[in-house]
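Paired with chain B in one complex and with chain C in the other, chain A is shared by the two complexes that follow.
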Partner chain A sequence: MFEIFGIPAAALFGQLLLGLINGSFYALLSLGLAVIFGLLNIINFTHGAQYMMGAFVAWMLLTYLGVDYWWALILVPVIVGATGIVVERLMISRLYHLDHLYGLLLTFGLALIIQGLFRNQYGVSGLPYSIPDALQGGTNLGFMFLPNYRAWVVVASVVVCFGTWFLIEKTRLGAYLRAATENPKMVGAFGINVPRLITLTYGFGVGLAALAGVLAAPIYSVNPNMGADLIIVVFAVVVIGGMGSIMGAILTGFGLGIVEGLTRVFYAEASAVVIFVIMALVLLIKPAGLFGRVA
Partner chain B sequence: MTSAQPIAGTAPLLSVSDLEAWYGESHVLHGMAFDVAPGEVVTLLGRNGAGKTTTLKAIMGIIQKRTGSVRFEGRELIGAPSRAIAKAGIALCPEERAIFSSLSVEENLMLPPRVKPGGMPVEAIFEMFPNLKERLASQGTKLSGGEQQMLAIGRILRTGAKMLLLDEPTEGLAPVIVQQIGRTIARLKQEGFTIVLVEQNFHFAASVADRHYVVEQGKVIDMIPNAELNDNIEKLHAYLGV
Partner chain C sequence: MNIATPILAAAMGLAMAGSAYAIDVKIGVLNDRSGTYADLSGEGSVIAAQMAVEDFGAADRGINVEIISADHQNKPDVASTIARQWYDEEGVDAIFDVPTSSAALAVNEITREKNKIFIDSGAASSDLTGAQCSPNTVHWTYDTWALANGTGAAMVETGADKWFFLTADYAFGHALEADTSAVVEETGGEVLGSVRHPFPGQDFSSYLLQAQSSGAEVIGLANAGGDTVNAIKQAAEFGITQSGQSLAALLMFITDVHALGLDAAQGLVLTESFYWDLNEGTRQWSERFAERNGGDMPTMVHAGVYAGVLHYLKAIEETGTIDAGPVMEAMKAMPTSDPLFGEGEIRADGRKVHDMYLFRVKSPDASEGAWDYYDLVYTIPAENAFRPIEEGGCELVE
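And now, the complex of A and B:
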């Protein structure tokens, strides 16, 4: 086995892959946050709980109804996204005329309630969700062993992230969204239903979180705290990338996953804090974030 | 007065009466009233802060706190949200132009959805404003002031709206561009558009309009047909303080 910088190649590539997997989730989650923040101007603190709901709903569909992983990939984002739409209509939409802080308080409170309800029902030990048959096993690449499911997660995340980027940056619907982000009153005066656009955008962002939850279910155990643990890092990713920047959220998500993985190889003690150190540095040097635009 | 000087023989396309509007606590319009006949170009003239821009925003529903009556094609629009007013066939070109910086010129141009059949084809818009065609891929706000104004007018011509509210389209533009905008308004009138124009440039207003409403402290205080402008020039100068 060959070595790179005195590190066994298998260990290096193993951590790089792990970093890429984490990065896949950072990217999907920070993308949803960025989409929601762009149009609604609220920081969706419920995002982690909605990711957890994605994993749980996939587990429920399988356990209670026998619905398999592949159907869950399609159904879960729709189901959880629909709960997001209800939350936006019933609660968040009443806060748009108030200070942003109220949206933050509401979504933070909702996250605590949702996590509490799931903890009450399912405990904290975690529920198993097995890898679908088609993605069992792995491939020996010579320099490392690549588990098929992990490769699939990276590919799926890249496809969904760039699909979302295309939707927002290159389509007519995306142009409505970008325009409404800049000047909602004028977009309304063109005859576009801005409140409905806002509701659907929130549902879409929540659906992305739920999709990440389904992808995560076979890798991490399905438990009520899975979102709370992850979302803190994701918020740091969003701050580094720049609030509201779509491409920024994607690139920063993958990039920081890799940085974290490399840190684990070269100086494992720092791997838990490296993202927060980078966040502090970015805030000092470029307060709007690496890809953010100064308002 | 509830309705100013109806035009003999034609039902007004747009009829504004008793219009009051507020920015927060500040009461800006105090019983604004005027009529516009189909195919007419009328101006709202007045000093800064008289309430001209507010009138257009209140008609469009962008200012939500408003009372009174705005009737368009006989239909009351005072309680409607601005998207419903747009769909009724009224379009606004705002004073600040509101070109979107995150959209290309082409995306800006194609943004407003069609609200009625019979909108102007994009080719005809390019014929009027050739500059736009050359800069379709540019970021909207990278255009010059004049080009941004052309884009702001051009994009509402596509939609099929026949009633245009133009807020100071010549503000801050070079004389040659002002002339181009003037020719555009004349052409739009020929094609059957009805236009309410807010204008500080009195000579420009006189060159394109059929009638002028003088606005002071949030209401119309006089109406002068363009044909009688010369006889009333001193009165008008007194109103406008020029």
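And now, the complex of A and C:
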């Protein structure tokens, strides 16, 4: 077996694959953020808490109502998305005419409150959520043992990400959305209910976060802090990809997952900071992000 | 007017009250109240401290105790700021608990500088009573040397002598890795390598894969709390335990076992200084504790805070003062005695010694319900449980 930089190639392939799996979560989460920022101009700091809510609602459905994982995949984004819609109507919609900073402060505060409430109720040690029976076990790829569930996460994430990109960039609904962001008055004049469009977009973005939460529940412990650390990384991903760029968020999400995975092999101590180093470099060289347009 | 009259009256009043005079003591419980160690320390430690004050009957003995608490977020800088503020502005006499070794080492230094008292329960680093020992610090519950000596030695005894470490990248993880490596090598084993992960982590699959390809027989988890829980879960997911490598959770609390569930945790061997179901004394106390802690049983950290506060108050009653010097002297001179750790003592280096226990986690079938998790494998007697005092390199030891 040949070696690359002193690491056996087999081990390296394994790490690349793991990076891709982690990248799936980054991509799904940063996609939701990019949709919300791109179309609403709101920096949604509640995103991590909404991801956490996704995992918790899946756990609650299973524990209290016996609703299994597959139904949770559909129900949880709808339920958590609905809470997002309520939040948008009651609070966020009042801030559209103000500076970005107000939206950031509001959503950050909301995130702290939501996390605090869950922490109070469920503690921080985490709750168990099993991998569904159909996805138990794994496949030996020769260079590594790939758990079936992780393979499923990658597939689900790729499908959802590109589905969303297609919806927004290639369909008529997406065209309305993009037009409504550019010039809400004009689009409204054509008889399209712009506020409702915006509300639903926020709900959709939140639903994406919740979906990522359901996907994460069986492999990470379901605990109130699970989104708090992740959200910072995901923001860095969005900034690197270019704020508001949907394809940028997807590609950067997967790409940075791989970069982080490789860092864990060569110098694990740096794996927590490598994404921020890249962010600093990108901001220096291309301030609008890799895929962003200069405003 | 004669000046002697009021003094005489005051003296008589005190004599009639039955105690020398009232002493005001302010105790600060400083720990993680929101992060990964909040369930194993957190509010439970405050409850334990309150129970100690009540059980001691402090008020009846003329000692007026006030307890305050704060969240150090597992950050040494936050812990330092709070400790300084407590000593300088709030009039705190003693700080208790302080999990997270890096934070504990910071509070250790500030307590020495301010000449107050620090009784640590939650942190693990054996440096607290070794290279960085202080005349103002007592390390109560456990330390990395005791864990390594318990779990490390037990694993090597079963014939598993090739190790790879998965280590939390801060003071605690480093100390635990070093102490366990020493035990492994001393008993004829071999350390093949280690990987240091950022704290706190979430995804450990990458590190586990590195451990897998190292060819080690044992993967030593030199981390704690949520990190250990996630690493164990993911080791099962990636088929690492099924392929013959075993995991050694070098520091695991009962709250971690509770979070992991017995399906995933069964068979793990771990070292602790306290288990609620050890004997009649621990059971009675733990049931009272659980009533006040939402039904959750205490960890050894909670037990250590209780026993530490109890011993501290005894020393204050004995000396009639809250000055750090005499109180610490009395604490080290008096043997310790409480229902949770039994009889013990505090050594010159600040190390509290008592028995440690090697437990094995029960299978789901063997468990009778929530919190019935451990079988006792053997007891490590106090004289062998902790690092010999002359080996720690503490300057307080002549």
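Convention: the second predicted complex is superposed on the first by the 288 of 295 C-alpha atoms of A that agree within 3 Å, B and C clash if a C-alpha of one lies under 4 Å from a C-alpha of the other, contacts with A are read in each partner's own complex, and residues count from 1 in each chain.
Heads up, the rule we're going with is that a residue touches a chain if its C-beta (ideal position, glycine included) is under 8 Å from a C-beta of that chain, and two chains touch if they have at least 3 such contacts.
Not measured: the values here are computed from a predicted model.
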Chain B versus chain C, judged by how many residues of chain A each one touches: C
Partner chain(s) touched by A:119 [first = chain B, second = chain C, both, neither]: second
Which superposed partner A:178 touches (first chain B, second chain C, both, neither): first
Chain B versus chain C as contact partner of A:132, first or second or both or neither: neither
Chain A to chain C touching residues, read off their complex: 8, 10-11, 14-15, 18-19, 21-22, 116, 119, 123-128, 131, 138, 144-145, 147, 149-150, 219-221, 223, 225-226, 229-230, 261, 264-265, 268-269, 271-272
Residue ranges of chain A in contact with chain B within the complex: 172, 175-176, 178-179, 181-183, 185-194
Touching residues on chain C, where the partner in the complex is chain A: 34-36, 38-40, 42, 169, 195-198, 200, 202-203, 205-207, 209-210, 213, 225-226, 229-230, 233-234, 237-239, 243, 255-256, 258-261, 264, 296
In the complex with chain A, residue positions of chain B that touch it: 60-62, 81-83, 85-87, 91-92, 94, 98, 100-103, 107, 110-113, 115, 156, 159
